[in-house]
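Notes follow once the structure below has been shown.
We call the chains A, B, C and D, going by the order they appear; numbering starts again at 1 in every chain.
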Amino acid sequence: MKNPEEIFELLKTEFADVILGIDKETPTEPIIAVDPTQISKVGLFLRDNVALKFDSLMVLSGVDDANGTKVKDEDGTDMISGGTLSVYYHLHSTNLKHKITLKVSTPRENPQVESVYNVWRTSDWHEREAYDMFGIIFLNHPDLRRILMPYDWEAGYPLRKDYKNPEFYKGMKVPY
Amino acid sequence: MKQYLKNTFDGIFTVLVGMKVTFKHLFTPAVTIQYPDVKVKLPDRVRNRLYVNMDDCIGCDQCSRACPVSCIEIETVKSIPGEDLGITSNGKKKALWVTKFNIDIAKCCYCQLCVFPCPTECIYMTDVYEFAEYERSNFLYKFATLTDEEAAQKKINYEKLQAEKAAAAAKPKPETPAQTENKPE
Amino acid sequence: MALKTETMVLNMGPQHPSTHGVLRLELDIEGELILGVKPHIGYLHRCFEKHAEAMTYPQVIPYTDRLDYLAAMGNNFGYVTTVEKLLGIQIPERVEYIRVIMAELQRIASHLVAIATNGADIGALTPFLYLFRDREYILSLFEMTCGARMLYNYMWIGGLSHDIHPDFVRKTKEFIIHFRPTIVELNNLLTFNKIFIERTANIGILPVDTAINFGASGPVLRGSGLPFDVRKEDPYSIYNRFDFEIPTGKGLVGTVGDCWDRYYVRVLEMEQSLRIIEQAIDKIPEGDVHSAIPKRIKPPKGTVYSRVENPRGELGYFIISDGNLNPFRVKVRAPSFVNLELMGELCKGHLVADVIAILGSLDIVLGEIDR
Amino acid sequence: MYQFLYDLIGNEILAGLLVAVVPLTIILVFALFGIWLERKVSAHMQDRLGPMRTGWHGWLQTVADLMKMLQKEDIIATDADKTLYNIAPVLVFTGSFAAYAVIPFSSKLLGSEVEIGLFYVLAISSLVVAGILMAGWSANNKYSLLGAMRAAAQIISYEIPTALIVLSMVMLTGTLSLDKISQMQTSSFWNWNIFGGAIFGLSKFLLIPFMIVGALIIFTSTLAEVNRVPFDIPEAESELVAGYFTEYCGMKWGMFMLAEYGNMFAVSAIIAILFFGGYQSPIGYLGNSIGAQWLVPFEQGFWFIAKGLTLVFVQMWLRWTLPRLRVDQLMTVCWKYLIPFAFINLIIIGIISLI
């Protein structure tokens, strides 16, 4: 059983500058920020280290931070350019009963995060969902397709804050 | 061989046990009812079709704002001085003409969130649950008691008053439009 | 001479009697043997997460009802505890007790459906009807309390929509007395039936380390033998006050982690839920269920992840607040969504008929998979 | 029956037609009644009411359904093999209907008094397999195909234990004629084959347990032959939607249904004849005791139908109690359990009948 600060120290000594920082401001749990291209390695360490044993990924969630520059377009939607998309990893150890939250941020225009498929298999569909909803590309994911939306949905990524519903999908009217 | 005989015995025995259970139920009375002929007594808190008692409605728009699916549409016009709109049953004075009070019951999700904020308890859920219709447009329930002409008249009255006021004070007050939430569907 | 054979792709669903909703399974079969299973989901996608971003916090509650529509109380519970954690408010004792009782009743109701449909998938239609009869009783209890039978919108942030009905305590006690014999009857009729055992034992074996790696939770994980229950692990509400056990799969008739174990864990869990209700029902303190409901719900900036034990497993809500009236992001960790991922792993090497048994034992609800 | 009608009418063709009409009427009326009974039995076992609106306790419900089925549009899938698709239900129905030709409903009412009745029934009921295979193949649907393959494997396998038990009964009675087997078990239920038949002495008591085992085996295997739960895997509505008749609709589907219920009664009748005395009354005839000989065939008819329906009821009872087996387990039950037991049973009965 370790608290997030101890885990942060442990990670910092192991990976140095891959670990970007710890955010203790949030009211509930501290968040450790990690380099998006190294998350798989960090995950593997978290899972296999005997003192940590984070064997379970509770949830992987994509988030549109909406922190870029906003420009109103003609119908009033904020079009966002720049800024980041984030992925949150909530980890849990069924053995040692501690929890930790990781966060990676990736630029909105070219969102690329390394997949943790090889660490926690459960991330398979979660990553597909994050791809489907935010367009975050998970590198090394074996089967990165859309999951909830139709496979041939071309109107973008629905959970981004500047998403606009298309008028038609294959000749069917979308807004009812 | 022992396992083989045990399997045979288990198979026959558990089948017989199961048959005993179902045979017992052959003679227990049915729990289902002949629905349209016999009806279940609904509990008093039951949540079904919405109803608005327009005598009590003060047009405050709180139900419409509480609705998560935006199925309530309200438009109001301010009354002009001298018009008596009456008071609600719990003693609130009405000040707005409700020119439009539409509930699209086909959209309603029966969550009852509109019922709680109502200051006069005029919107509530009844126990009517059989209200199927052949036309979708029939689900748009119009509760406003004013006819269209009356509503138009009220609007003209109010605008006239505004114009008079504006003329008097040269500072017109903007009309409060009905507030409805815009949500992506 | 070798005969030319080819694998056949069998499209099971989206319209199929036992895919529990609009799930499509793409089966690669050779004769009756399964070579691979690919689930395709999204037919019931209703944009819950997008909707939630446009709603105020209390308005999201009716939408959470519709996630796992067989356990709407649990969804409400998870959402309101998460938002309460974000707001940092104290809940009256009475509310906590009523919430726990409702959640446990809902767990029984949901497990009844799970067991019943698992049985019906395998061909036993009669237990299905018996269990639905008892589920009706629970739904009537809910209807008496909040007026709705399925989609309750009952638990509110800081309180409840209605206080319990004056008859509620008496009727719940009646239900407990009435319900225990049903479990015995179920065991006689289905659980220990030789054919049922043959169909489910040693089928779809899920070893515990695979289960954890796949993030399985709830009866699926417990069926594999790991006593993991959020109610004990990470006690929320007032669960730490009650005395109950976590049933796990023991491989009573087959291997640990097979379909029968997952099924039997649910049967045993109903008994444990009854125990919790029995302990809680007499101790409901006096109080006002509306007193702690904030007038204006505007949480501070921050992120929160909180989880509850829903009948199907660990239901988590990840909420990011940017200090506005509506949440910035709501992500639901739906237990069925995660559990369904196991399908491809569990079905390999089994027969077509086993796919149904395995799917039934995972007990998925498409409402929360597709959200 | 034929002889009687021929003497009465004096026209071969007319007499032949009349003979055929009787079982047809019975099978149709029974199917209607059977479907209603199934619904009511299932409903009451599940604490439901079942059909209640058409007539007293819904007894006209199946008639109403039949009306609906007759009026339905006959849809044939584009890719279906139309010829086979259309022949299949007829063939299945013919197979089940033709079995009625030799079943003696009473000592006077039997279609054909052939000496090899039992053999004929076994042979003709295998015709159903061809029909099912045709239905499954021609519909060009993967579920249908799987269902048909399962059905073929199942029905052919389960012919074996059936045949073995029939063989042991033939060995004991020394005849293949269903009418003669019925006649042997006359006067009292003690003379039924399940109680060792109309013989005396030690061998009768030795036979009883083996006869009971034999009756159980033939009941189980015929259950499988008519595709009833727990052996309804060719239909298996939760796996294969409706198995080999997934694509059928309207009256063609209705013919499968009629054939199923016709078959149910046919196999029940065979078991009743082999083990439960056929049309013989267990307690003697009222007609004999009051001296009205004409009453006896009617009483026999009553007893026969009653025995058949009891067995049909047990089939339904089982259906609404048990889950269904998997396809490999079905084969296990047949080859590893029923056939060895049936074979041992055959040998022991043979030995006992020698002493």
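Quick note on the criterion: a contact is a pair of C-beta atoms (placed from the backbone, for glycine too) under 8 Å apart; a residue touches a chain by one contact, two chains touch by 3 or more.
Because the structure is predicted, anything quoted here is derived from the model rather than measured.
Minimum number of contact steps separating subunit A from subunit D: 2. Taking the CA centroid of subunit A as reference, the farthest chain centroid is that of D. Between subunit B and subunit C, the centres computed from C-alpha atoms are 29 Å apart. Each chain gets one centre point, the mean of its Cα atoms, and the points for subunit C and subunit D are 44 Å apart. Mean C-alpha position of subunit A lies 26 Å from that of subunit C.
The geometric centre of subunit A is 40 Å away from that of subunit B, both derived from CA atoms. Residue positions of subunit C with contacts to 2 or more other chains are 50, 126, 130, 133, 189-190, 193, 195. With touch defined as above, residues shared between interfaces to two or more other chains in subunit D number as follows: 45-48, 320-322.
In subunit B, the residues touching two or more other chains are 7, 11, 15, 18, 21-22, 25, 31, 184. Remark: subunit C residues 50-51, 54-55, 58-63, 65, 126, 130, 133, 136, 140, 143-148, 151, 153, 161-162, 165, 185, 188-190, 192-195 touch subunit B in the complex.
Within the complex formed with subunit C, the residues of subunit A that make contact are 25-29, 31, 55-59, 61-64, 66, 88, 90, 94, 97, 101, 120-122, 124-126, 133, 146-150, 158-159, 163.
Against subunit D, the residues of subunit B that register as touching in their complex are 4, 7-8, 11-12, 15, 18-19, 21-23, 25-34. Partner subunit D is touched in their complex by these residues of subunit C: 8, 10-11, 16-18, 32, 119-126, 129-130, 133, 189-190, 193, 195-196, 198-199, 351-356.
Against subunit C, the residues of subunit B that register as touching in their complex are 7, 10-11, 13-15, 17-18, 20-22, 25, 31, 42-43, 45-47, 66, 68, 109-113, 116, 125, 183-184.
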